[in-house]
Amino acid sequence: MAWLRRNLVIIIGILVMVYILLPNLVVIVFSFNKPVGRYNYQWNEFSLDAWTNVCGVPGMCQSVGLSLQIGLIASLTAAVLGTMVAFALGRYRFRGRSGTNLLIFLPMATPEVVMGSSLLTLFIAMGIPTGRTTILIAHIMFCLSFVIVTVKARVASLDPRLEQAAADLYANELQTFLKVTFPLVLPGIAAGALLAFSLSFDDYIITNFNASPSSVTFPMYVWGAAQRGTPVQINVIGTVMFLGALVVVVTGQLLSGRRSRRVA
Amino acid sequence: MAVSTLTGAPVTAPRRARRRGAAVPYLLLIPGMLWLVVFFVLPMISLGSQSLQTGDVDNGYTMTWNFATYVDALSTYWPQMLRSLVYAGVATLATLALGYPLAWFIAHRSGKYKNFLLVLVIAPFFTSFLIRTLAWQTILGDQGLLAEVALRTHTSWLLSGFKEALKTVGLINNDQLLFSPFAVICGLTYNFLPFMVLPLYSNLERLDHRLVEAAGDLYASPFQAFRRVIWPLSLPGVVAGTLLTFIPATGDYINSVLLGSTRTVMIGQVIDAQFLRVLDYPTAAALSFILMLVIVALVVTYVRRAGTEELV
Amino acid sequence: MAERTSGDLVLSAVTKTYDTFTAVDNIDLTIPQGSFFALLGPSGCGKTTTLRMVAGLEQPTVGSISIGARDITATKPYQRNVNTVFQNYALFPHLDILENVAFGLKRRGVRDWKAKAMEALELVELAQVARKKPTQLSGGMQQRVALARAVVNRPDVLLLDEPLGALDLKLRRQMQIELKRIQQEVGLTFVHVTHDQEEAMTMADTIAVMNAGRLQQVGDPGTLYEKPQSTFAANFLGQSNLLRATVSGVSGEMASLDVHGIPMALPASSLPGSGAELWLGIRPEKVRLLGDSSDTTGLNTLKGEVTDVSFLGVATQYLVAMPWGRELTVVQQNDGMPRAALGTNVTLGWVPENSFALDASQDADAGVDSVEDE
Amino acid sequence: MAERTSGDLVLSAVTKTYDTFTAVDNIDLTIPQGSFFALLGPSGCGKTTTLRMVAGLEQPTVGSISIGARDITATKPYQRNVNTVFQNYALFPHLDILENVAFGLKRRGVRDWKAKAMEALELVELAQVARKKPTQLSGGMQQRVALARAVVNRPDVLLLDEPLGALDLKLRRQMQIELKRIQQEVGLTFVHVTHDQEEAMTMADTIAVMNAGRLQQVGDPGTLYEKPQSTFAANFLGQSNLLRATVSGVSGEMASLDVHGIPMALPASSLPGSGAELWLGIRPEKVRLLGDSSDTTGLNTLKGEVTDVSFLGVATQYLVAMPWGRELTVVQQNDGMPRAALGTNVTLGWVPENSFALDASQDADAGVDSVEDE
Amino acid sequence: GSAGKNPSTGAGGSGTAAAKTAAAAQDMSDTEKVINWSNWPAYIDVDDKTKARPTLEAFTKATGIKVNYTEDYNDNDEFYAKVRPLLEAGSDTGRDVWCSTDWMVARLIRNGYVQKLDMANIPNHVNLQDSLKQVTFDPGRQYSLPWQSGFAGIAFNPKATGGKKVESVDQLLTDPSLKGKVTLLTEMRDTVGLVLMAMGKKIESFTDADFDAAMAELQKAKDAGQIKGFTGNDYTKPLASGDTAACFAWTGDVVQLRADNPSLGYALPQTGCTLWSDNFVIPALAKHKKNAERLINYYYDPKVMAQVVDYVNYISVVKGAQAILAKQDPSVSSNELIFPSAETLSRAHVFRGLTAEEETKYNKKFQALVTG
């Protein structure tokens, strides 16, 4: 009983972890299924078919490729633009600050339907044909706020004395930025970009408004497939992305861990 | 507006900026802000004007400042609006109840697995959330994983008891878990849990453990230490987490579409349908605006009440 | 609800081991009720760990702790009538000063918490800032709030973990006086951890010197200073000149010593026991710079050259090189008398009764560097 | 690229105003090349602001700063051959120790930066941790890195902003010695800001006492201590007993005073100028506790009762109550002589030449509380 | 072929009044050998093993034209909403051809969103079933050619109904054992049509009041919690898995599902079912119009169509397909749902054509039910 009380947080924590990961587990397990009919909802028998023939279903791999491409470009662009804004906000006091902050907050407070549909209206009015470009524009737009918020926190917590120390040690403005400020803010930028990538890779609602049949992203593909029965290969992609993210981050951790241990 | 106080800039830097060229911040701002103005504000304005127009798709719209659309939309769809707020609210509370212990666990009790657990919380983001939400169909379905596990472990009675309880509180309406308010809230909770855990984690991680010790030293029992010290200090994280959860949850409709029924329709679904099925753009635009206004109003009151001016 | 207990604080054979590292090693200690007790020792020697065990924030691996007749070893922190003034204050940032001070009272359901807390704030002269938040106060004020927050509960034992570590000298002295006053006014048992030897000596009734988890010596400040029992204590508590000496004989009350060929005297009662070799110790302020005409009868004398003079304000410190290479430190109060100049040859002298002797088996430099670099 | 300039650091009529608040008020100061200069003063008096202006991190509102013949008032920080050891180290957390130390060298394109940086690290005895990150070092080690990072550039002027503020006493003393050694070895101009008067007095060639943005007095430590020119300097630098006195007459070289009815003497040269009223100042260590048989010829004497005795180790401090209510502080070195006990009546005496006199228009308590509450 | 009744005679309404003409784009067919075809899910033959689409692959092999086949046509309204803004703005939809239901074709023609077919490129159009040649919504079949025809009826999964059959609309809407496990179609003409007929009304000639009564009936069922949802073509998975016990469904889909799930039941209600076709149309500004026409021509080859029908199990719109199937796959050619008998056809009705105003009015009411 005392044991239970002492470890209550751990137990709840693990249960919540299970809740968070259960769907991924299902996705992984069913990627090895050989479904009876055309719907992959009931376990039948183990098979590697989907894994050996990932791109066998027409259109899916193209959609994954497109999503990765859009995710990368959108998160990088948003990271660059967002970092600039974050620096302006974190470092300078200027007229229009509060308006700027409001403008950054609003997209986060706007339901996706509203954003997607209003953007489509704009594209139509401007005569921009929907497709990859419009999806990118939309993604950069909704990723921006998240990047700004993440990076700004980092910029704000940056000790201004470090930059003064750099200036004191003969670094001019540019050198100070390159050698001190940027490396220190980089983890924040990376976190913001990562968040942006996952948001972009995951978005369905806004994308759906601003896509064309020749620019089907992975979530759109999944949505369409869901209406007619998802192929097992979708689970394979889900599994690969999930484990891929894990592997990348964990190796990154291990590497930096090893580096600092070697130093010690 | 609460956001206007998102400052925290060091004192000396702005000073220098003023002297060395007031243009710098603006140059930094312009690209990003221009993007937001062109691709967010402009569309919003055209949406706003759309909501006041009359006409139909095939014959075109004219601006008539027809505010009646707002009245009509609200009087027709207030139940869905209300339902969205309630579902999102319940889901937010659920994410808080689940996310808080998890965040605490990761921040203070996970030792060397801390980073790994954090990654595990974020990693699901990389699997399309549609796939994951669909997986909930597999889990909650009548012949789904849950039922299967209950059957295999001879705990079907437990599952039935659980369903009975849900039925009593009206979260399911027959013996199905899926396609019910329960399933929708479960999906919303699941989907937005990381948005709660991350800000909470970064707040709780910074919590000075000595303050908890000081509370114990001053006769506070563990519960009192939580109630009087940990909780109030984590409020900024709680506020950030609840906002990041509540706002998108209110507008979400994927969960309702995939896991709900005609009795769980949320306002996002209505807006989507008005835009993409009915083609009643004024109604759709009006509903969008109402939704935004409601959210902003709630957020502002909430942030004021919670007493933290910091948003995220 | 903390139970009221009362009496001496007793640590019996207390040991605390972290994994394989023993932070506190078999300590036996009795701290009389109402006394001001100081715990002194280099960084990492286990002072904080000891306090944390008394507060209940850490469990002893072995041993027991009791206050009066009550064994509190197993009770939770919030059940002990012990309060701590944390090294870094640990004030609750979300509560105002009054609420901080009233925290413990409220937890114990004290009715007139407000009056009591205000009273405590008046004691530390901060009643006027009762409604401010901790971040709005200066370091010294925060310190006093931390003190008030602990004192207001009238604990049996008040633990102070380097409570003045962050303050500058002037403020530190001021706070010391205040602490002492509070202790005398309210009559609690104070256990005070500090790095500052002067602080310990001015404030404490009893000082314990700790090293590497063990108690080195416990006693009143005068005894500890004048008659250290180890080179560690001699060096850690103030400065000491340690001279290698051989006992050449004992006649009556005096022993005669040989220090690098120079004969010296020492009261026989000071001899550390067996063995002809010993360390002869003399504090820098006990050494006098003798003029040519000075009377040296009854004094131990040495001749040397002044190699360094530093003005300390109140006093001047001289380094005097001995023929055998070592330097002796001499401190002379600046009472207006003319003193020796750099490079001159001087005669040093001291009354044999003012010196002490230590076992020769010890390292003469023990305790000189109080903080090791990792 | 910082240009090599050399010569004295001169601040001419420098004022710094923030909005409406004047942090530094019309300061004129010449710091000779190669000297160790200490800036002393209570918190908030403008010390950091002064240093920041010299470093170029802040622009004077009025006035100019030059090194030798070169006016550097308008140059950027990175163009000045001035380096700062920041109060909180400000080490770059993302760079290792060697990279931190080499930062300035690399910015100036020094080829053999590695050798130079290692050399600097050896100077501070940290060569073995060259590849660690700052967070892996202890506070004292970080401090030394900050020092090496500045010294390695061989600047004309090295600014030290309370570089030892965070260290405990022993480590502090050790670092002081190291600092002094470095200064003497490399012969730079050091400008050292500190709260610690003893530190300033032992290390500096010249001390400037600052208060509320203005310079109070500049001079060598001895003069400053023995002959303060204001009650602020008298109280801030060590302790002072200030007695209200009236000049009753001047005969020859001595002036006669009346202190609460008691006649006293003072060298006429010490009189602060016009006015019959003055503050007679005497340092606690200059006051002697006289035995009954002592010879009091030529001394100023006072009688009182010992109300407090505190053992400081090296010395003992007494508070002696005067008939008119005030207490005098007396410090006596523990040189082994028997001293007065609590409650006894004693006679205090001092040589008139050891006292000083200050203008009566000042507040006797100025500088006693070095940090104001708020 | 004996689709004896013209499923579309009543459809179209004001369709003939087409005033606007669709703009044609520069035809890139000769340089870009592609076709972008949007179609309903499960509407084309698939090789169950390789998941490839045999007839499409054969077409590509024969002509060198690659077909980007997208199953993004889940529901007429939804699809229309997706492409309408583009069509209205005069921009390319990115699609060269898709298959819209009769009434939608009427709307597309009315708004000038679709182009006339060049029958010269579709010589096989003569193979069209006679009954489908004359339709009011596209007189003279200038803009559209049917892809498949079918019925809307009731499907059920006995696993979820407890073995019970569900054969009437009444039962579907009121049987408490189905509570919360029923889906209806977002396709107004099918859902309201089936209910109208169950109420004894004729869908060829109902009134506003009849419509409202049917809506009331539906609202009642919805309020009672009977109805889980309104769906497009996505009703199939939950039906197969048993999450849906019974639903309105389209014939071919269910026949296909039965291949995996033989226990699935299908019923054409005694009170009547709806009959419809989905038709090829080529949108304005389609870049590969000629290629699309070649594709249509290809599928109007009875042999090819037989292959499709054999898989999708809808009613063939091409003459001669039945004859071929009778030889190849007798089980298909004898299937009532694929080659319906006269008796079956007598139960099938076609929703009457609506005027633009009627359409708006009814739609609004129906959509409030569906989305609310």
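Each chain gets a letter, A, B, C, D and E, in the order it is written, and its residues are counted from 1.
The rule we apply is simple: contacts are C-beta pairs under 8 Å (C-beta built on N, C-alpha and C of every residue); 3 or more make two chains touch, one makes a residue touch a chain.
Note that the structure is a prediction, hence the values are computed from the model and not measured.
K.L.:
If you walk from chain to touching chain, how few steps can bring you from chain A to chain D?
P.N.:
Contact-graph shortest path, chain A to chain D, evaluates to 1.
K.L.:
Going by the contact rule set out at the top, which chains touch both chain A and chain C?
P.N.:
Shared contacts of chain A and chain C: B, D.
K.L.:
How many degrees of rotation map chain C onto its copy chain D on CA atoms, rounded to the nearest 5?
P.N.:
The best-fit rotation has an angle of 180 degrees.
K.L.:
Looking at A-E and A-B, which pair shares more C-beta contacts?
P.N.:
Counting C-beta pairs in contact for A-E and A-B gives the edge to A-B.
K.L.:
In whole angstrom, how far does the Cα centroid of chain A sit from the Cα centroid of chain B?
P.N.:
Chain centroid spacing, chain A to chain B, equals 17 Å.
K.L.:
What whole-Å value do you get for the distance between chain B and chain C if each is reduced to the mean of its CA atoms?
P.N.:
Taking the average C-alpha coordinate of chain B and of chain C, the gap between them is 57 Å.
K.L.:
Could you put a whole-Å number on the gap between the CA centroids of chain B and chain E?
P.N.:
Using C-alpha averages as centres, the distance is 38 Å.
K.L.:
Taking each chain's centre as its mean C-alpha position, how far apart are chain C and chain D in Å?
P.N.:
Once rounded, the distance between the two centres reads 26 Å.
K.L.:
Two or more other chains in contact with one residue: find those residues in chain B.
P.N.:
Residues 12, 137, 141, 143, 275-276.
K.L.:
By residue number and range, which residues of chain C touch two or more other chains?
P.N.:
none
K.L.:
Among the residues of chain A, which are close enough to touch at least two other chains?
P.N.:
41-42, 121, 226
K.L.:
For chain E, which residues are in contact with chain A within the complex?
P.N.:
36, 38, 41-42, 50-53, 68-72, 74, 85-86, 88-89, 91-95, 232-234, 236-237, 240-241, 257, 259-261
K.L.:
Which of the residues in chain B come into contact with chain E in the complex?
P.N.:
56-58, 76-77, 79-80, 137, 141-143, 173-174, 176, 178-180, 260-263, 265, 269-270, 273-280
K.L.:
Please give the residue numbers of chain A that touch chain B in the complex, ascending.
P.N.:
8-10, 12-14, 16-17, 19-24, 26-27, 30, 41-42, 81-82, 84-85, 87-94, 97-98, 100-115, 117-119, 121-122, 125, 137-138, 140-141, 144-145, 148-149, 152-153, 156, 160, 194, 198-199, 201-202, 204-205, 209, 218-219, 222-223, 226, 230, 234-235, 237-239, 241-242, 244-246, 249-250, 253
K.L.:
Give every residue of chain C touching chain B within the complex, in rising order.
P.N.:
Within the complex, chain C contacts chain B at residues 1-2, 55-57, 76-79, 82-84, 86, 88, 90-95, 103-104, 107-108, 149-150, 153.
K.L.:
Quick one: in the complex, what on chain B touches chain A?
P.N.:
1, 3-10, 12-14, 17-18, 22, 24-26, 28-29, 31-33, 35-37, 39-44, 46-47, 50, 98-99, 101-102, 104-106, 109-110, 115-117, 119-139, 141, 143, 145, 190, 193-194, 244, 247-248, 250-254, 258, 267-268, 271-272, 275-276, 284-285, 288, 291-292, 295-296, 299, 311-312
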